[in-house]
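Heads up: the structure comes next, in structure tokens.
Chain nomenclature is as follows: A, B, C and D, assigned in order of appearance, with residue numbering initiated at 1 for each chain independently.
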Amino acid sequence: MLRHIAGRVLGAVPVVLLVALGIFALVRLAPGDAASTLAAEDATEADLARMRAQWGLDQPVLVQFFYFLTNLARLDFGTSYRYHAPVTELIGQRLPATIELAVIALLIAAAIAVPLGVATALRKGSWLDGLGSLVAVLGVSAPSFWIGILLVLFVSGYLNLLPSSGRIPLDVPLREMTGFVLIDSLLQGQVGVFRQGLEHILLPATTLAFGMIGIIARISRSAVIDVGQEEFVVTAVAKGLKRREVVRNHLLPNATVPIITIIGLELGTLISGSIVVEVVFSWPGLGSLLYSAVTSRDIPLTTGIVISYTFIFISLNVLVDLVYVLIDPRLRVGRA
Amino acid sequence: MPAPAMTIPSAPVLRAERIGKTYQGRSRLFAQATGVTALTDVSFEVGPGEILGIVGESGCGKSTLARIIVGLEQASAGRLVAGDATLVDVAAGIFLPPAARRIQMVFQDPYSSLNPRMKVGDVVSEGLRIAGETDRRLLADRVAGMLRLVGLPAEAASRYPFQFSGGQRQRIGIARALITEPRILIADEAVSALDVSVQMQILNLLLDIRDRLGIAVLFISHDIGVIEYLCDKVIVLAQGKIVESGSADAVISKPSHVYTKKLIDAVPRIQD
Amino acid sequence: MHDTSRIDDAVLEADQLSLFLRAGRGTELKIVDSVSFSIARGEFYALVGESGSGKTVIARSLMRLFPPNTLRMEGRLVVDGVDLTTAPASRVQRMRGRSISMIFQEPMTSLNPLMTVERQIDEAIAVVGGMGRRERRERVVELLADVQFANPGSVRSMYPHELSGGMRQRAMIAMALANNPSLLIADEPTTALDVTIQEEILQLLLRLRDQHGLSILFISHDLSLVRRFADRIGVLYGGVLMETGPAHELIDHPTHPYSRALIDCIPRRREAGKRQAGIDGLVPGVADWFDGCRFAPRCPRMAEDCRHGRIEMTPTQPAQVARCLHPL
Amino acid sequence: MQAWRFLELKFIVGVVCLGSIIVLALFGGLVAGHDPNEQNLLFALEPPFGPEGGYLLGTDHLGRDLLARMTSGARVSLAIAGSVVVLSGVVGVLVGALSGYLSGTRDILIQKVVETFWAFPPILLAIAILAFFGPSLTNVIIALTIQRWIPYCRIARAQALMLRSREYISAAKIMGGGTVWVLRHHILPNLLASAIIIGTFTMATAILAESSLSFLGLGVPPSVPTWGGMLAEGRSYITRAWWLAVLPGLGIFLTVLGLNLLGDWMRDQLDPKAALNLS
């Protein structure tokens, strides 16, 4: 089991290096001199010279890549031109908001989609099944930013039920501890702020969850159906188990692996979806920071954010793989 | 009528000399690479028109042996000589490409052995087409001839494999193997997936073909009854080694090796 | 009906049993046609047939292992005094694992890969209830020892992938025996195994039969195998029971031309230059049944009257019955 | 019975959705009668079917004809997504088939590359490429293709891996068939069906991604109207002019829905197991 975990973690190392190489190549290959690309539009000659020295652009490519890697290892992505602050610091400030949004969205999506998928699989061919596949196909077909805009228009605009932007009202004082509004407010016993935080996160998280529900529900459904056709389910029925016991002890545990897989895959959708959703709802996270970095051609900040997102994504994928080990004894016990 | 080859001693069509196969284990992070030995010192001879049975339980190496003989896998030791041609000589680094060996194979699974998207005519003619034959008339003629040989109507050529039963599909597989005029036919569990009534038809077809073409057959099976019916000679494989060999009658009626005895005793046969 | 081999002490009794599978769009296919046979307490009965003969459908219908509303039964199928053709679903549910249990062809896929052997057997024991955790634990070990695991204590905590094919099948048998069923259905339980392991499993089944008075319904395609191990045999062809009788008598002196032809197909030692005859033609498909004897088109004894009407089971030997107008 | 109807329903609705967008792309410009970039501030924020100016679908905040802009959006989306599907399909299927069939070390190397491309969250790599290289039609197509060949590649590889142990491929090898022969005659024909199905779903995700990029201002240059760009521009006016929020989104939604339904339908048709599940 340890060997499996170690293998999986070490297996990610070449990918991390290749990804770093890819980003490095991207920055290098961008049109124009790398320094002028990296610099903001209003950078002076002195800025450019400082840039060249900082990134070692007068050195051979391999040396430059080495610098790039060491900077990366020290989590040093340079200084943002728009915010005149270290990129790492900016990312650190924004990361909790994004994580908070993603976690709530994933919880909403999984809480709706997995039961829906399982229920439709167990009642295959019923009206519930039809409704489920309708919800699934509608969910994956609507672009999240459109759903977001429509929700803003109806829920915030016409009905005036929930706020349409930000994490909490600007005038609410909340001492930052973890950076997570929902956790900080509870830690400080501010139930009102917690409620406001919840109200603010509800629309963006729902928007973000919307597209995932369809896919997770569909995969959960087919996972349960596939397991249902396995011979050991017939064995379980033949043993005299009740339908409920067969579902609980045999169907669901075996369907967990594909369901975890799809949720793992959906983490990517979650990250990329969050970029657009954050922009729509002015959510002060990494996504809206990326948006402003891109629109102001702030290359160090853009690079830093892209790297952060990618490494978070890679780590999450490794984590999902490790969950398999907990579920499946075939991975846990040595023999193949 | 017994096959003439059985009485006239002649040079073997195929001679295997001390064939060995070791699989290189993949070295892992925390484990030493260890090899797995699949075959050790396998030697035998097949004369023209002879049917040699290769018997053993799953994992004994009989399929690996077949794959080495046709060239799908490389032996790690030994020599393989067909007539005056050296097919494989590991020591000398000779590995003749499969097509040049003139050995063809009939497979176990009548379903996965035919490409479902190809018409039967194209399936049967594939060997000639790979060799570069493009003349449609000639290909059609040869296919029709082969189909007739295996007892299928010529119209079969324009239909798809799924339109045939398991036994008929095995006939198509035999036609495909024979169209390139091989000197040896290898049948790897070729009747194991068939119902008994169909199995006998295919066994008799193999006997007919042997009698008519004088081709040598290597027949791989776990079924002693089938071996006893079909084969002239037999070798018994256990854990990659030949534990017993000889004429089929002698080996099966008076097995001398413990393993052979156990194997034969375990197989219920109708006449005992 | 005229089943002379009918026994008073029958654990299973099928009388004119027909099985229909619903194929959707309101159509159904008759898979099994008026089959009658019975199995006595402690008897090893083998149903033999080629693919498409309906043998597996009969085995599975005993437990109604079909999706709801896909199987329809006609006639009578009585196990332990309960007629399964009319019994409500809840009654059948209560018979599974208690009166009847079952083992399958693929021991790998028949066990849940995520559960230890102990948990899977324990689950089967718990179906009946009334035993404490400790008691059930002891029972698991007892069952594993019963199927000849040398070291039940360690096998208990293993997962299916850690066992060999033969061991998995023995674990399946242990599970099937958990509640001392009267009938064990074995659906080609040795087909996926090597011959030496096959021998082992069959010897085990015979021993359990003798020890527990277990009745066994053994589904197989292998006549030579069942001749060696079964007490009585039923030969199925195209969903019809062609002949049934004591194993040795039936195989050494078959009275139905199909049984004869099937036995003649089994390859054996061949005199030089001679051939055994196969059966020409193909097994008829389920979708195109026809009147008269199903085997008639391939039968060497076929006469005009074989092509029409119903042919009933008639005694052909003291203990044998065959569905044939011109028996051997 | 019901399953059958549901299947046909998927097909019909899919064709209607996608067909209406194709009609819009082909003939929308003829009906509109205005240039998509022609501004007329007098008629700004005109509602659809409004009485003035003859704007069938209304106008935006600069008085530009929404129908003409929708037409342009449809053309851009379909053209980009179409190119992405074909490009990524060809690359993905060939690389995947080769990787799976060859297996061994070469397969492991190819899979490392695949894993690397896949290690980027979707869209993010596209955003990075467009941020560094600037938005243009070619760059958008490249940015969208760079990850989209991977699903084809994965499926093609998995199927090739499964197929390579098929006995008919062994037979071809024994008869002297080389890699090219086996790929052409035995592997690629068997991959075609799934490639078409993946292609349909890929086109759907490509359209979603393209519109997201346009929404973020990273799509084709702003002089070319796109659905995503229209939504971004109209965002500030939605409470006064709902059609600015609804129409472009509806365009994206109908296209993607149509593609997803057709993809589903095709999958059910070709996959006997899935079809069996329904009935």
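Throughout what follows, contacts are C-beta pairs under 8 Å (C-beta built on N, C-alpha and C of every residue); 3 or more make two chains touch, one makes a residue touch a chain.
Bear in mind that the values here come from a model prediction, so they are computed numbers and not experimental data.
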Ranked by contacting C-beta pairs, which pair of chains comes out on top? A-D
Among the chains, which is located farthest from chain B on the basis of C-alpha centroids? A
Cα-centroid distance, chain A relative to chain D, in whole angstrom: 22
Chain B and chain D have mean C-alpha positions lying a whole-number Å distance apart equal to 49
How many angstrom lie between the centres of chain A and chain C, each centre taken as the mean Cα position? 54
Dist(centroid_CA(chain B), centroid_CA(chain C)) in Å evaluates to 34
Of all the residues in chain B, which ones touch at least 2 other chains? none
Residue numbers in chain D touching two or more further chains are 279
Could you say which residues in chain C touch two or more other chains, in rising order? none
For the complex, give me every residue of chain B touching chain D. 67, 70-72, 97-100, 103-105, 107-109, 112-115, 117-118, 123, 126-127, 130-131, 173, 176-177, 180
So, in the complex, the side of chain B touching chain C is made of residues 1-2, 57-58, 165, 167, 195-201, 203-204, 207, 222-223, 225-226, 228-230, 249, 252-253, 262-263, 265-271
Partner chain A, residues of chain D touching it in the complex: 2-3, 6, 112-113, 115-116, 119-125, 127-129, 131-134, 204, 208, 211-212, 215-218, 228, 231, 235, 238-239, 242, 245-246, 248-249, 252-253, 256-257, 260-261, 264, 277-279
Quick one: in the complex, what on chain C touches chain A? 63, 65, 93-98, 101-102, 104, 106, 109-116, 123-124, 127, 159, 161-162, 172, 175, 178-179
So, in the complex, the side of chain A touching chain D is made of residues 14-16, 18-19, 22-23, 26-27, 29-31, 37, 124-125, 130, 137-138, 140-146, 149-150, 152-153, 157, 222, 225, 267-269, 271-272, 275-276, 279-280, 290-291, 293-295, 297, 299, 302-303, 306, 309-310, 313-314, 317
